[in-house]
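Presented below is the structure to which this report refers.
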């Protein structure tokens, strides 16, 4: 089934109010979550659009139906290129992070790793997972990947932490399932996901056995709290504003407090030797996803910088043109890394086709290294107005309006309303709370470069 | 007279409410201006403190009194070094921009340029200006420099603009003064300055004569509107918060609508050949001031990064130590540039000692090139928590408090309250509206590198 | 026919001695050209090796034979990937520049452009060229592309130059051919090429008509002089030395002094509108070739740095490991750009499949920006010994040998002879005449970034 | 006494032939050492020139005479600024490294450290050293600092090395002196120094006691061999060549084979606690010297780039102008760091005034980070000709001369001879053996950044 966004919303709004924002439990229709819902909405709209069939959707041989690509297990280089294309396409429409790749990368990682554990250990995780995934595909669910533990002291392994909850762990093993506790953090999309897909965040040793756990649970299951920080720019739509401000993200600290996970939803339970493998399968798949979204972020920055250059009437000045080409360089090198990762990927024993991790990683590293510089470029071209422009109401007030409408027009080819809209867009892109989020996620999303170092030991 | 900050506030609050914020005229005790007032307060407190005599104050031979250094004409390399020292000292206390150097740099530029115009043209601007300055010193006034015109089309000169108001200009010359109109923009500190010191922003040609104008006016004079955008982080003091959040800035678009300036307050009137000179005298003096404040910004970032490293227990990891030394490199190279500018400065015909512009400029350029990178370093060390940390109220709410107090402690050497305070500070420094302001002002404050290019033609 | 290198040499040595080195005409068996011949030899050896069939060779539908890939017109994305693979493979064996891609990229560009001229102008260049190419393939010739004119004053177009010879141009048009004169410069491989493939270097205007000329001539034709600068490291093979020093390059200033070109070898004659197109077809194809060779240069630098790290026993030090990964990043991003250029390339009207120029260019730009940095990394890891190591003879002399053999062993796991060889290799790679050549060719090979700017106008 | 360079040469040529080059012992008048002698000659010429009195010379209160500044103990900030000025001045005349600062920095370090050892240990090293220094000043000697041990395995301390000779050490202590053995390497200037000033290269521990040794010996003393690698560009002066090629350097591996050092020349003998201190005193003083010479290197590169820009007629192109300002930025920030180090230096107990190590280090680090980039800038402006220009003889040969004289003139404002000279100069600066030497010495001279890290532990 390909759900409509309305169906997605409708299910969300019936969930238990275990999302906490600013000290209170809220329902998932809280206006501060709306920008995130708008992002997810695009992932449903694209799948409904026949034009994007085969890009936004794919044919699942598991359930013999066309499914939303975000719920698909990729089978070929072409599949990976379609995923990358979809992400760039969708990310351009929502101003950057499309979020739903979290679930996609988690299911692909779990499909591979459960197979490999079974092969080594004689377990039956893969079958369990495939059964779970069939329902996931049939219901076109939104999953998020809860990987990043709160980790506590960075120099200590999970079992060495003073506070054991710094890594999600098994509290009890029962015949019908397990009980887990602990904190995950910086989990994007959790507040409006149907399902949480939980996996380890790092390599583990034998005495970290309790921390070797993977499972899926509905996001509003008993014992789960999502303490959430949304990033939002305004409370409701303003017809004069650029669409950028209607989209946003939220991140959650997820508290697991003695949560019971039934056996059929448990996909790793103590197999510590596979902690590193599963962590990296998700991470490397996710880094491949970044080869779709980060080019889109560069595209958007390039668009904002181009508009600012036009408004300043400097778009033909040589240093400005050179700077704009830097965005193209960043975007296309990252995109090329994703293409090469697809071309040189490999078929795993599960049947999932996995992107080449070297190419996924060099691409992701490049974008992580450049992100602050890309905002710097926008600033150089746009000038200081992003942080000194009067507030919207001043542009409307009778005492100041006439002045400001003359003030805001630089290039006479643009009128006052377009100039205001343009500069507010530049501000939203380059000097808003979303800016800090994109800068920091650009560095750390999917594991910082130096954490990777540790992880791979 | 060395005013107390209370005296400064008291005079401010009596001014006409010509500050506009969010569509309405407000008095200068508006809470959104308070963070800026707190910054200026420090400039008065330091001057009251005997410990900083000779640094925060200086002896004025004009009025034969100790005056606040921000109101002083510098006479020697030592004076310039004391100014630089004061700025770094004060900037560290307010989290960065101390703002009041705007007035300082304007009076030093005007003292020099009025003398040079008189020498060439036989005018008497210098005497007028010195008379004005004596009162300024006696009353320990806060002046801001209104230099940046709104500029309109960046490829056209002032006289070529379709909308003449894009550069402040002379509308009428009378026997007792002049009438001026036009827009200045991105003027920091204007909303809580006593005086506006207005100077040209670029080189001028003969047909730009009307734009060659410099003068001083009280900030609430008839015909002046200050359309203001404050940056503030919270509405009132929170005892648990780091002091950083109590300080802030505001920038104004200044509308001059047929403002009459009496003759004794006019310091340039049509001498277009000196437009470039006066613009650069302020800019180069201000760039020297940056050799005090930008090291302080690096110091603060280094402090935040060090605290984050300690909380993560990674302060001895080699790459972290190397990154911390990068802050020292940025700070001390910029500071050294200021010292060399003082050592190799020159005595002008006015008696003012002026910093060497080559050293002022190489220092300023360095800090402009590094600013985004310095925030990047903080992000690399601090991780993603700055944009995903739950809101303050969630740390207080009974439903989530217990979890979050365990969650927030990483290095067990820190307790929950200190951990919260520390991470909120890191967020305030690295991912707040002040961050965008410091990033963008770091690039453009005092003229972007590429604008400088044009200016110097 | 797939020639052996001996057959190639044999033909070369029979050519007229029109190569000038150090003031005298020399035969092509001059020892200073030998390092270049060794490079070309590898291109013949690989084609003889059945293991590399389909990589080093390709099936030509023009002559219905397997041909050396360097003589092939590429027909598909797969062809382009095989070319890229071949270049990386071969470049690793010769220490970097394989040179023969010059001819490959010229023939592909000429095949496309002659077709396009014909389509627009009704000429018959394409047939002429294909006839020429069949012989070229049948005889497995080595062609070099003579593109870069000496250009004179960089701000003047060809027809504006005081000295017309700064661009190769048509002196006379006859019924049976044309007469050309002028200088080409920095032409790598010319001194040991069979054929010179001459094309324009930039966009042309109508009055530059005489400069719109493309043709092929044997490198020793009447009126041609090759004033050549070889880069060589030693005169003959030393069994103790690393192979790197046996390979090298040479570049020539090519003087055309009233050279008659018979009609069947003329492929453009006055069609100035196609000057830019042909210049870019070669350049963009060549930039795609760089996505094969520059990764090999990074691989070699990485190898040298790894060996140095091992000899210093610092290969596990974190900053060293991080630096080594930078080579991987540079190499694989450039390689990925080539792969993406193949995937997103296009079929031209000539049937030749052409790499996507955006991806070719972002890849080439990256490697151009990084080249000096990559040598810097090697220096950081290897230390100063590359420029302070005693000469070879001192390691042999009885008066100093015993000391130096103790001196040179750092990591006791390596003996003296291996240590000497290793450090001489590091010196050859990082501090020899080849180093300067690779640094400068790394920046400018195939058109500097800023020249590209001008070219594309 | 202020010697003339002829006096200096005369004494040198009488020394024992213990310099080894290419397998044989040579006298110090070997032509391959001449470029280095020419450099040292400038240090004598400047001191003879009354114009530079007080810069190239200083008044020594030790011997109550004007002495060459390179033999002076600095007493004030002004002294340090004069030293810095002298170095930049002299370095500009010799194309970069003036070499003689090695001795200067060693004597200042020894003066301070001997005093501090005496204060702690009750020894009499300081008096010994001052007596030695008086003779050194009276005879205007050239000393070089032999600091860098060959070091062997980089992860092992001196006493842990398998081959003890990797650090110079005490073999025997006698009543009248000590016997020392071991290797120093990369010692610039040793082959034409009068005296070797030997000091430790790193922090030491108690069991490294034998390696805690400092002393001075004539460079041709018994048991010393200087295995030397000169960098030279041509054998004798060519009137058409730019002066750059007449100057050069040489570096030596110094073998100490049971060398007896008389007591009065021993300045540290077993005081391992001062190993780190003495190593850093020299290093930090030397880093201050770099704030004089590295700006000169940037000046020379800037000059070469400016000439190339002029010859290409692109000196007004915006990106070229911007690149040229980067040299100014590098040079003046480094110079400013030296000025600040002088201003914030400190008087040591010995009376020597010592530069502030923070400023010395941030300046040195900057130049080390930029050196490859500065060569890259030259390459970007000059183009590829530095590595493809025909040899000198081809410009003279009748068969090619006429062509090449037309070929070489780009900007018609320059004639052929000036064009040849200019481009040969650009080649000498940017693509000669001196280039590799300056690049590598630019990174490692005075201790690499990462070695510093270890040293300071």
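In this document, chain identifiers A, B, C and D correspond to the written order of the chains, with residue numbering beginning at 1 in each.
Just so it is clear, a contact is a pair of C-beta atoms (placed from the backbone, for glycine too) under 8 Å apart; a residue touches a chain by one contact, two chains touch by 3 or more.
Only a predicted model underlies this, so the values are computations on that prediction, with no experimental measurement involved.
A-C or B-C: which has the larger count of contacting C-beta pairs?
Ranking A-C and B-C by C-beta contacts puts A-C first.
Computing the C-alpha centre of each chain, which chain sits at the greatest distance from chain B?
Farthest chain from chain B, going by C-alpha centroids: C.
Find the geometric centre of each of chain A and chain C from their Cα atoms only, then give the gap between the two centres in Å, rounded to an integer.
That pair's centroid distance is 43 Å.
Once you find the CA centre of chain C and the CA centre of chain D, what distance in Å lies between them?
38
Suppose each chain is reduced to the average of its Cα coordinates; what separation in Å results between chain B and chain C?
A distance of 54 Å separates the two centres.
Please list all residues of chain C that touch 2 or more other chains.
318-319, 322
Within the complex, which stretch of chain D touches chain A?
The touching residues are 318-319, 322.
With touch defined as at the start, can you tell me which chain D residues reach chain C in the complex?
Listed in rising order, the residues are 20-25, 150-156, 162-163, 165-166, 183, 185-186, 225, 227-229, 231, 251, 253, 255, 257, 312-314, 317, 319, 371-373, 375-376, 379-380, 383-391, 393-394, 396-397, 399-400, 403-404, 406-407, 409-412, 430-433, 435-437, 439-441, 443-445, 448-450.
For the complex, which residues does chain A have touching chain C?
81, 318, 321-322, 328-329, 332-333, 335-337, 339-341, 343-344, 358-359, 362-363, 365-366, 453
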